[in-house]
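For clarity, chains are labelled A, B, C and D in written order, and residue numbers in each chain start from 1.
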Amino acid sequence: MAGTETISSTFIEYAIFIVLLPMLAFPIILFLGHIFNGNQKWVKSAKEGGLIALPIMVASFVLSMLLIAEFIGTGTGSHHIGDWLSFGWMSADGMTINEKVFGVGIYIDHVTVMLLFVASFLCMLINIFSIGYMNTDPINDNRNHRFYAEFVLFCSGMLGMVLADSFLWLFIFWELMGLCSYLLIGFYYEKPSAAYAAKKAFLTTRVGDVFLVIGLVMLWNLFDSLDYAVVFNEDLIAQVDPGQLQLALGMMFIGAVGKSAQFPLHVWLPDAMEGPTPVSALIHAATMVNAGLYLVARMFPFFGAPGMHGELVDLAFIIAAIGGITAVMAAAIAFVQDDLKKVLAYSTMSQLAYIFTGLGAALWLANSLDWHTDDKAHAIVVVAFGAALFHLFNHAMAKGMLFMASGSVIHEMHHAHHDMHHHDDHGDDHHDDHDDDHFDAQSMENMGGLASKMPITATAMLVGSASIMGLPLIGGFWSKEGIIANAWRVALEDPRFFLPAACVLIGAAMTGFYMSRMWLKTFAGKPKTEVAANVHENTPWIPIPLVTLTFVSLSSVILAGMMFTHWAGEPNGGYAFFGEKGLLKGLIYEFEHVFANSDAFFFVLTYVAIFIGAIVGPGLAMALYGGSLKDGEKAKPWMQPIINLSSRVNAKRGFDNSAWANSGLSNALKERLYFDKWYDAAMLKLVAGFANVSAAFDRKVVDGTIKTIESTSQKLSTQVRRLTTGSARDYIMMAALGVLVIYLLLGVMV
Amino acid sequence: MNIDYLSLLVVLPILASIFLLILTSRLNGFARAKFDAPVRMAALIISLAMFMLTTLMFLGQIGDVGWSNIAFNTFEFQESYVWIEQLGITWTVGVDGLSFPMVWLTTLLMPITIIATWNEKSGATYFPLMLMLGGALIGVFVALDMFMFYVFWELTLIPMFFMILKWGGKDRKYAAQKFFIYTFTASVVMLLGLLTMYFLMDTQTFNMQEMVVQASGANANGVWLGLEVQKVLFIMLMLGFLVKLPAAPFHTWLPDAHVQAPTGGSMMLAGVMLKMGAYGMFRLPISLFPHALEEFRFIVMMIGLVSLVWGAIVCLGQTNLKKMVAYSSVSHMGVILLGIASMQPLGWAAALFMMFAHGIISPMLFAVCGAFKHHYHSMEIGAMRGMAKHSPWLATSMMFGWMASLGLPLLAGFVAELMLMVAYWHAYGWWIIFPGLVLAITAAYYLWSMQRTIFEGGEATQPPESLHGDPVPDIDNSEKIAMLLLAAFTVLFGIMPWIFLDMMDMWTRSAMAFLGLGGA
Amino acid sequence: MSAQNGFNSDMFEALAPELTLFVGLLLIMIVPNLGNGTFRIPGTSIRLPWFFGGTRYKAVASPRLPGLLAVLTMAVALFQVICYLLDASAADGKVISSENGIEIFKVNMFSRIFEAIFFAALLLAAIASLDRLPTGSQKSDDIDVLFNNRRQADFYILMLTSALGMSVVALAQDMFVLFVGLELASFSTYVLVAFHKETRAGSEGGAKYFIVGSVASAVGLYGLSMLYLWAGSLQFDVLAAKWAADGATSLSMMALGFVLVGFAFKISAAPFHFAAPDAYSGANSPVAGVLATASKAMGMLGLMRVLLLITIPEMDAEGSAIWIGLLGVLAAVTMTWGNIAALGSDNPKRMLAYSSVAHAGYMLAALTAIGAWNWGLVDNAGDAMDVVVAALIFHMFVLVFFKLGAFLILGVLEMEGGASRLSSLAGLGKREPLLAIAMFLFMISLAGVPPMAGFLSKLLVIMGIVEVATGTGSLSSIGDAHWVWWLALLMVINSAISMFYYLRVGVVMYFHEPEEGRKGPLASGASIRIAIALCAIGTVAFGLVGGELIELCRDAAESLR
Amino acid sequence: MIDPAWVSVLSVILFIIGVWGAFTRKNAIIVLMCLELILNAANLQFVAAAIQHGDATGWVYAIFAIAIAASEVAIGLAIFLAMYGQHETISLDDVNLLKH
């Protein structure tokens, strides 16, 4: 896109406060928490900082919305706040020294706007959820202020990353998020598993970050700047070496792989569930993992520049292929997980992989189609890019909701368990007491039949799952279809893309299966434990975000009708909401486009995808895990048919999958395909081993050399002093020898 | 009235320290202990006064200097007195963009170190030594006379030697000697180089400013003193500075010195003393022998790279907290060499800023180590777990320090690392993999150590046996103040690096131009 | 420069310090013996009081008296020398010759500044010794007290005679006169070393020092006789003229070699140094300190006279001195040997003895550089020579303070019961902080750490060597510098090695716990502490503001030529 | 009158005997005697040279040297006596308490 005009605006001037408010709230909450810790007023009225964080997040959200409202449809804008670093740079010929600058500023375009909404909206909702979730759990007493402080810092990191006007500041906030994820995952620091998970998350993403830095440095070297306004300049892009650029972007992509938990740097994400559930929601939906996607989406102008035409397809393929591999792998692992949150974690991984595939396809298209002049190609590129971004949006909303819902389930399970334990104090069943100590509130094996007891949660979970699965018309359906279609579109042109294309198609079925499995195991069937039978849904605050997000997910169809994909994908931002067609026409256009595609291939493809994603996958899950509720209990009317259907499928088509469940493949999946094991082994055996050897080498050889010199000279000293025998005769003899030497030397001189 | 502030900064603490030492040296036992508190207070007041002085100088309240416009080889607050006339030795002081940040840093660290080690035993001797160390360090940075430079260079050893010897750990005897002998050995070789250079000059002078003028005049049209001579002298001078830095393979004195040194000693050692090496490199060999630097740039780079990578890997193999931090210093100092070898103003500025940033961050690391040792009576990683629960302040400080050291953005260290990476890629391309690798390794060892100290320690693990069942203490107020101050400055210079970076940048830019260096 | 023949008042004026010494010597011999003794006129029973012998007068019976007299004498002599130095200029000089024109003494800045070194060292040692020897009750008929009193007198008499001998060496213009002075000083020191003959170590050290020293000086005398055979005179200027005319002949070279041996023993250059550690550890500490400073300066003075006045090539002549290679090797071996040997030595006195050997090596290195002074025929060759000689003089001057000071500290410990192990020093930092600080200052000064005088002296020596080695100042590589540059390198490396054992003393003082039975402050001894304080002040002061002294040394060096 | 050169030769022989004796003999007294030999060799040399050069100072030197030798013997004997008193031997090899 050619140049960025700076649009004078009111709100962009204040946009910095979207970031600064939560950032400043961090020390304030920490400080107040330190002072008032344990104070009843602090606990009750301020919710240990939760009610300080909330207005801040609301303010951020409101500011964001004002900014968004102003920028929707008006293209891009930037606001340079100032120079951060200015430094001398020697020209290549060594003759002159130029001044270069790293600046600070705000940059707004369609991608920013979308991510800004996702982040600020979800952060606000999660904040509300946290007040319900964190403050009612006694384990968090007296340390919730730490949670809220780190939470706001995390949010400010994400918001800052989105708003940054250069890759440098993107990276800076990116790292800030890394820190906060570390702190929050390790929130229960006393648990060794949490400590381990926190370290793992930080380290794994750090590996990616290293490459990101290298990529940024390479990029800087190509453009002498990291400002979007400069590096997105098509004239400048045309002048750089495509090979170099591809390498730089590839390096940056590795950073994204780490942050978004893609193969092979995905290992940290499931373990990150060690943090409190709001943190999981935050990491998986609102912030952290989206950062990687955002980074790749930010690369679009490079791929789309005419000067790079056809030069960067390899990288586009790699992005898509990584996505494809991860999509299938994560989905497969999700098959066998019993932990509610772990299923969601792998689901996140898998869905992010979809988005990567979609982005890869979009980037491929942008790079190889002549879309600047050809309108049809333009539309294809825009829709492809938009579809990926739309899936990001849908996934974020759905996954945020799912995590909060799962949090709700876990929370209530916990409470139920706690209550029972408490009431049974005078009972005589000591055996149960013992078992209860090891009660796992997150395991789906302990749940079942919760649909009737937790209607709001179950509904939210249902809608979220449907959105993730891409059930027609709900949430992710629109975007997922687009991603699959675009992957295949590219595959027709570039045979390498058959890999990711096939992966995402298979992945659709797998998604259908594991999401259905999760819902059914949790909410359908009979309660598997006493605890599950006694669950109630009565924690305040929690339903607010659940309900909100349910509606957001359900209203995805409206967004689709508002041409979200076109708007989000249009790089020049000229495509306004309602701008072209209006809602109704837009809806019709979308429906037509999806369900009645004029191209036969895509027509078939759509229905294949719908079939396997909405029928095969869920069907299998129902056959295995379906079941009716406990007698006399009824779920809400919109859930009851599903439960009934599942029990019927289960009764008719149920089969014994124990052979599968005990197979080597299943075990491998339970072991997460041994990645963690291998990585740990590599760290422990190879790296730590090498480090220990090095430390020993440093001590024994490097330092030892010095010590040897010292001890040798001590020995030498003893030898030399031994010549002083104590006998005067020897002294005279030595002197006589000395005389001889003197004469010898004098003789030599003469 | 014209006051020579720089000389004051040097002479005041040294004289005060000698006065206090002699005052209390006749006292024994109990009578001496009574002097601890007043002496400590006196030391604090003097160091705070010095800090005020340098800060006012920086703010323009004293002297009204345009700090970010000081060109290479021009000096502010320059004063000169004849010292030993017969040898042409003068007492000449002055500061520029290279030395002023270090002077300021020294005056900043002195009160902080005194506060952090407020309860150090035998304070009547300890705090005067701290003052003497500070004065000598400032002397190194402000000296513009080669002789004076060398005198203060060596003078810094003496207080530090005693600090390690008297207040150090179990193996302090060995460490103190090693520290002294290593540095001394390197510096005498450097001295011979300096003297040889002195006699090869056309107009013999000990004045560094005149030396640079002379050298650059000759270097512009050819090679001052001839390339072969320049190379030999470059090596001799660099040897002294590399050992001080320290660079591999001369680094092994550092872990010993650090592990055994008392907290205050470690803080000053890591904070300022190591920087003397880097400072010296810029002030002498680089300013005088740019041609030799160009010849040796790859070797300098390799030494830096080996220090960087090797230091980091060895860190990973340490079980002793302080040793780990010490090796991390080795690793970070390698960055400075990489910056120098990049031959970019940016790289040099990165090196300078690294000196400065590490000068703020590493004292915090050592303050944390000191507090760890002080409270848990052990330095082993894993001896104390769950610090977050038992000693939240210490845990927070530790995490902050560790994060700052591993280069977290918006903290001072990041700026230097970022700038370095940019310059380094430009100069050496794919070698950047190694510094990149080190970023990851650094994170690995810091996180690994935090996992075993801050985290864990639930009900299953108990406080360390060394506490004999006493309740686990948190750091005391003086330590808290010191940590807070260091953290605040780390954040300040992370967010607003330009405060000192501007003058460093100006220095490196004009230095590059002045020395006629350039070309990738 | 004025010549002076025969005895007259001018000569007395010129030799005032020496006469002071002589008078002092007589006083020490007479005054303690004043008493109510009578003289019986032979053949009669008339006894005339002659105030000598018998029961000593109370006023003179004090055992301290000889010491105080010696100190006074030495102080006056030193004062006279310093007055001369401050008044005179390099051009001044007074030759005292016999009536047939043979020059005997020459009084100029060069000789006077060496006298200042000798007197300063001996004065400090004398002050330090005031409390050392047992001073019992004042009862004059007690035979032991009387004996001790006598021994007091003997000790200081020997000190004064050695001072006298040394000044003769400094003044001598004739090789034989120089030799006589040397022997006078040597004999005194032999006896001083063996002064504690009641101890095994004292007698043994004295015997060894005597036997090796006298063999060396006998060989030196033989060298002189050969020199005389060659030249027909032992006057320096005659010898120099003969050397310039004939160049080196086998006879003269042979003679030169023997003469060198005599002096090499005095400065304890390897391999003639073996007796030195034994002597130092046998002798009491102030005496050992004198051996390591004044006696060594005397040897160095002789070497400089021989090598620089007789055998040095003219300024405009090609080539280096004939002995440059010899001295270079000797210097390298001596400094390295001394340092290596000192490295593992556990006896602080022996350690200091070996360090003194190393210092001899440094000085020899400087002398070596002078041999190359006209290298490259540079304009400033004369300057270069002056600079190196001045550096040497400065070095020997300040060495008095910190080397003697170190020995004196050991002397304090000796009074407590021995200082033969490093551990005797243990805990000094706690027991006597000021003494420990002083010792530490002496040690780092010996090692050459600024801002101590030892640093400045080492710096001057290295500067001198480097100045000679770099010659005209334009080299295409360091390899083109004169090879004495490498001696400078060896010297700095040796400094680094030496750091190890000097530092160990500091470590022992501040780190280790005191030995059994050594608790609390040391035995009192005000005078030795005063001497130590003077040494410490000198060590620091000349390091910080040595400029005036350097100026003086320069003038002295100039007056040598 | 004999050629002074022969005196020199004698002096050299005496010198060699003296030096040889000084480092081969253990007995301190004998070493002292060898020392005297060396000094006497020097005296002879002085005298011979004085004759050769026709210069009287050589004689003076010789007389001085004799005086020196005498005092040297006196001092030496005194010191050896003291040594014998402590060590009960005058063998130079056996007096080796101080070494290394």
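We adopt the following convention: a residue touches a chain if its C-beta (ideal position, glycine included) is under 8 Å from a C-beta of that chain, and two chains touch if they have at least 3 such contacts.
Bear in mind that the values here come from a model prediction, so they are computed numbers and not experimental data.
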Contact tally winner between A-C and A-D is A-C
When centres are defined as mean Cα positions, the distance from subunit A to subunit C in whole Å is 81
In whole angstrom, the CA-centroid distance of subunit A from subunit D equals 99
Taking each chain's mean CA coordinate, subunit C and subunit D are separated, in whole Å, by 25
Chain centres from averaged Cα atoms put subunit B and subunit C apart, in whole Å, by 44
Flagged in subunit C as touching 2+ other chains are 207-208, 211, 215, 219, 277-278, 345, 500
Within subunit D, the set of residues that touch 2 or more other chains is 19, 22, 31, 92, 95-100
Contacting chain pairs, sorted by label, are A-B, A-C, A-D, B-C, C-D
Note: in the complex, subunit B contacts subunit C through residues 25-26, 83-87, 147, 150-151, 154-155, 157-158, 161-162, 165-166, 172-173, 176-177, 180-181, 184-185, 188-189, 191-192, 195-196, 198-202, 225-226, 228-229, 232-233
In the complex, subunit A touches subunit D at residues 718, 721-722, 724-729, 732-733, 736
Listed in rising order, the residues of subunit A that touch subunit B in the complex are 83-95, 97, 100, 168, 171-173, 175-176, 179, 182, 186, 189-192, 194-196, 198-199, 202-203, 206-207, 209-211, 213-214, 217-218, 220-221, 683, 687-688, 690-696, 698-699, 702-703, 706
Subunit C residues touching subunit D in their complex are 102, 176, 180, 183, 187, 190-191, 194, 197-201, 203-208, 210-211, 214-215, 218-219, 221-222, 224-226, 228-229, 232-234, 277-278, 281-282, 345, 350
Interface with subunit A, subunit B side, in the complex: residues 178, 248-249, 251-252, 256, 310, 313-318, 343-346, 349, 386, 388-389, 403, 408-410, 414-415, 418-419, 421-422, 424-426, 432-433, 436-437, 439-440, 443-444, 447-448, 450-451, 454-459, 497-498, 501-502, 505, 508-509, 512-513, 517-520
